[in-house]
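Down below is the structure, laid out as structure tokens.
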Amino acid sequence: MPDFQPKIVAFVCTWCTYAGADLAGTSRIKYEPNVKIIRFPCTGRIDFMFLLKSFAYGADGVIVSGCHPNDCHYTSGNFHARRRWIVFRELVDLLGMDINRLCFSWVSAAEGAQWAEIVNSFTEQVRTLGPYKEYRELAEKDKK
Amino acid sequence: MESIRKKAKELLEKNAVQVIIGYGEGLDKSVSAIFVRKPENAETLIFDDRCVHNLAVYLLKNEIKALGKPCIIAHLAALRTILQLASEHQITEDDVLVLGVTHKGELMEFAGFKDIEKYIASANIDISENEKEIINKLEAMTREERWQFWVEHLSLKCIKCYACRAACPMCYCSRCQVEYNQPQWITVEATPVGIIEWHITRAMHIAGRCVSCGECYRACPMNIPINLLNYLTVLTIKEKFNVSAGTSADLDSVMSSFKSDDKENFIKQS
Amino acid sequence: MNEQNIYLPYLMRIEKVTDEAPLVKSFRLTFIDDEVLNNFTFKTGQFGEYSVIGEGESTFCIASSPTAKGYIECTFRQAGKVTTALSLKGEGDIIGFRGPYGNSFPIHEWKNKNLLFIAGGIALPPMRSVIWNCLDLRKDYKQITIIYGARTVADLVYKHELKIWDEMPDVKLITTVDPGGETPDWKGEIGFVPTVLGKIAPSSENTIAIVCGPPIMIKYTFPVLEKLGFAAENIFTTLENRMKCGFGKCGRCNVGKVFVCKDGPVFSYKQLKELPQEY
Amino acid sequence: MNIEKKILKYSSLEELVLKLNRDGKQVFAPVKKDNIVDFAPVSGLYEMAEDYIVTVQSAKFVVFPNVETLFEIETSKDKITLKDKDFNSIPEIILLGTRPCDAAGFNILNAMFGGDYQDTIYSARLDKTTLVSISCNKSDAKCFCTSVNGNPGATAGSDILLTRIDNNDFLAEIVTEKGKAIVSKYPELFETVPEINKDKYMADVPVEFNLNGISEKIYSRFDSDIWLEQSLRCIGCGTCAFICPTCGCFDIQDAYDGYSGQRKRSWDSCGFSLFTLHASGHNPRNVQSQRWRQRIMHKFVYLPEQQNLLGCVGCGRCSRSCSANMNLKELLIHLKNVIENE
């Protein structure tokens, strides 16, 4: 699916990853425009339902990124998030959802380049996977 | 069985408790929970291998709390439920008198929650082999097959009767997330993805608190193996965080506590 | 009405929006489809299901009088999903309306009688409909007394119309606010509606009493009325229960044997006494 | 009115199912899957379950589905269009294998959805539904149809009632015009019948109680604590209401994404707390005993008085599927005893 443009949603924490993404911008680092960044106070605030709703409304891939462990502005938000994603990934994997469309990362405010690299590689990964039609088509049936 | 009746009668006569939550038989020999309040009715209590219901689900119901201090006949899963509810500050030692019962029907009296913890530490609380077998079989499938399995079982069969929520002793929220409509996270009616979102939410909200009593599966009128989703979180949490729910009355809530060295292999970090 | 899909609402345009009190608004609605407008009739006391298309439906009475042609009015407090969406609507926007449903105040039986209207807080809307209906047939009725109370002065709805009623020579209006709810220049009564009713003590001779208000107010008002000699069949009220369909199908609004939507919402106190406390 | 009787050989029933499918009808029959028996579309009689008392869910989904679109919504910047439901998109459905209690349930739903506000969506589905029921040759401890004006061979509500007789053939009682339409469309499948005594093939369902005339007594016990006594073990889910053939309560919700959507109706239950919750937070039925009382009152007091029909057909589904074992037959016996002894 070379010419497929995946829709990627990124839920990021404002103190680290968002600042990192900002740094990528100010340093003129190019990265795939497919990603739509949504800013949250902390990864601890990112609920698993946001990910499910993203897929239901048309996302093909979702990134969740925040501060490295021990860097969290609220000291432990990322630790709570880590436990949540460990359990959530296993659960949706058992359900047969495509966990290759989920990308979790720690990106600090100084890691503009790393952010660009993650977005580019993940966009490429989702591009090869193609659109996440099966979940979306099921969600369309919700409307009927 | 006889020892349970004798103990129950004695407790009611001494007014140590006001109601015995135990098992009884209907006219057609089907088993259900009964609430004995008079000593002379103690002989309606029974116990045999048909008595699987997790009676701890009744401990937090307002109309039952209004009856006064209960004594509960608790099998292993119910004992773990009581400890888990205690660790979540829902019940204290003097709220309930716990009468343990082994699967052979032997009565166990406990001095307090600490006593129960000792018994549970010695008991086998793992997920049963055949349930692990089913989960392994699911994990052996390809992703698409698994998705097809759950779409068929959940999206096309679940009728959203919420028996799984009502039967689960851990689902005691006074107003469940699906009962809020600003925003309406999960559709009220039984829509395909709405059903999947509901069952993921239920499994995530019970994660780290499920004592694998199997009531959700037993209550489901459509016989959907939804307990497998909870058991998967139980296995994951045991393996990754080395914690089992309902093993102590002062356990930290698994999903709202953490260890700085929790292990994982998927978070990208340069 | 029965060939048609009974769940399909009429589309209405919002002509006028009035801010009555904090979180309380009134809409004046006109029918977009003239054909519907021409043969739309209702009786005072009936209600409807007002819907924000895509959000859901909410149940309020028709607050305008049937004698006011060409439009209907409703008043609502912003409380849940639909009322919040409604309160964001402005003049010219389109909403849905299903109705009229339910029974109505038997105003024809009240001819040549005194009328005593007692209302509390946001329950004035159903009362307003019947008050204007009677005022428009003023000669049919003798003395009209209105006792209306709210928590604070700001919470009084239809402030503009209260003035009109106050200035009417043949209407006695008493407004009150709960103790502590008064403003420095407040000239009305201060006290809960049942106590003010006891103080005013209107005669029950040849008088019909109509009471609308929160359950707590109704509970304390009925005994006062009985003490004043009002017979139970001469006291009327409207009941409020959760509703979805509005015509006795969805099964939730019943009080004992009776559906509030189909057999109500208007009940006499005599009927109420025979019903269990399920509202 | 004397009901026309025919013989329908087993092979002819197989033939009938094939022909109905071929003629564009959807045939639903009880099918066993993941060890529960429930209605599902069948293309051949071989798919139909053999040994079952009743299906887990009732047959009401054909006329009152779990989710039903009331109308479509289309919105643009300044225009809202509501598209009425397309009635002729509703398929012709043949329900094969409903029990006499299921069929009797339709009469109660018809009364609730009819009346002065006729639900045209419900009646459109009803017109396109034909019930080819099969009488019961066995029952279990949860059945009590004979105690609520029914019996294992009752024809009420069915268009054709089949009764399995010797060598697997069926006695067919042609009850309604719809039944006659099927016979006249496929005359070759139906043969004239020698005199047959149907009763010897019927299940034996003992009469447990008789509720006629006690609805007033039940109502007078509105505030008795018998409701608490009976409902202590009820955990407050929607199972009994959702699988019950005579429960027709529903919720209305909008599904909308900003551009298009529907207003939908879906099953609801008086057992849920949200059912009567006011926007102010006040709830007239705040605890489970009040909700259990409403369930009994609606079926055994209000419906008999409003529609002069008992609101229960004694199929026992609620007792079989209830995880708290709220056994309706026993609870009604208990209720009757309490009333008689007081």
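Labels A, B, C and D are assigned to the chains in the order they are written; within every chain, residues are numbered from 1.
By our rule, contacts are C-beta pairs under 8 Å (C-beta built on N, C-alpha and C of every residue); 3 or more make two chains touch, one makes a residue touch a chain.
Bear in mind that the values here come from a model prediction, so they are computed numbers and not experimental data.
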Legend entry - Minimum number of chain-to-chain touching steps separating chain A from chain B: 1
Legend entry - Result of counting contacting C-beta pairs for A-D and C-D, higher pair: C-D
Inset, instruction - With chain centres defined as mean CA positions, report which chain is farthest from chain A. - result: C
Inset, instruction - Between chain C and chain D, tell me the centre distance in angstrom, where each centre is the average of that chain's C-alpha atoms. - result: 39
Inset, instruction - Averaging only over C-alpha atoms, locate the centres of chain A and chain C and give their separation in whole Å. - result: 52
Inset, instruction - For chain B and chain C, let me know how many angstrom lie between their CA-based centres, rounded off. - result: 48
Legend entry - Junction residues of chain A, two or more chains touched: 142
Legend entry - Shared interface positions of chain D, touching two or more other chains: 251, 253, 255, 261
Inset, instruction - Could you tell me which residues belong to chain B and also touch two or more other chains? - result: 184, 187, 191
Inset, instruction - Sort out which chains touch which and give me every pair. - result: A-B, A-D, B-C, B-D, C-D
Legend entry - Touching residues on chain C, where the partner in the complex is chain B: 56, 80-81, 84
Legend entry - Residues of chain A touching chain D in the complex: 57, 142-144
Inset, instruction - Enumerate the contact residues on chain C facing chain D in the complex. - result: 1-9, 11, 51, 53-57, 79-80, 83, 94, 96, 214-215, 240-242, 244-245, 247-257, 276-279
Legend entry - Interface residues, chain B side, partner chain A - complex: 135, 138-139, 141, 143-151, 155, 185, 187, 191-194, 196-197, 200-201, 203-204, 207-208, 228-229, 232-233, 236-237, 240-241, 254-256, 258-260, 262, 264, 266-270
Legend entry - Sites on chain D touched by chain B in the complex: 34-36, 38, 56-57, 66-67, 141-142, 228, 231-233, 235-239, 241-243, 251, 253, 255, 264, 266-267, 269, 272-274, 287-289, 321, 323-327, 330, 333
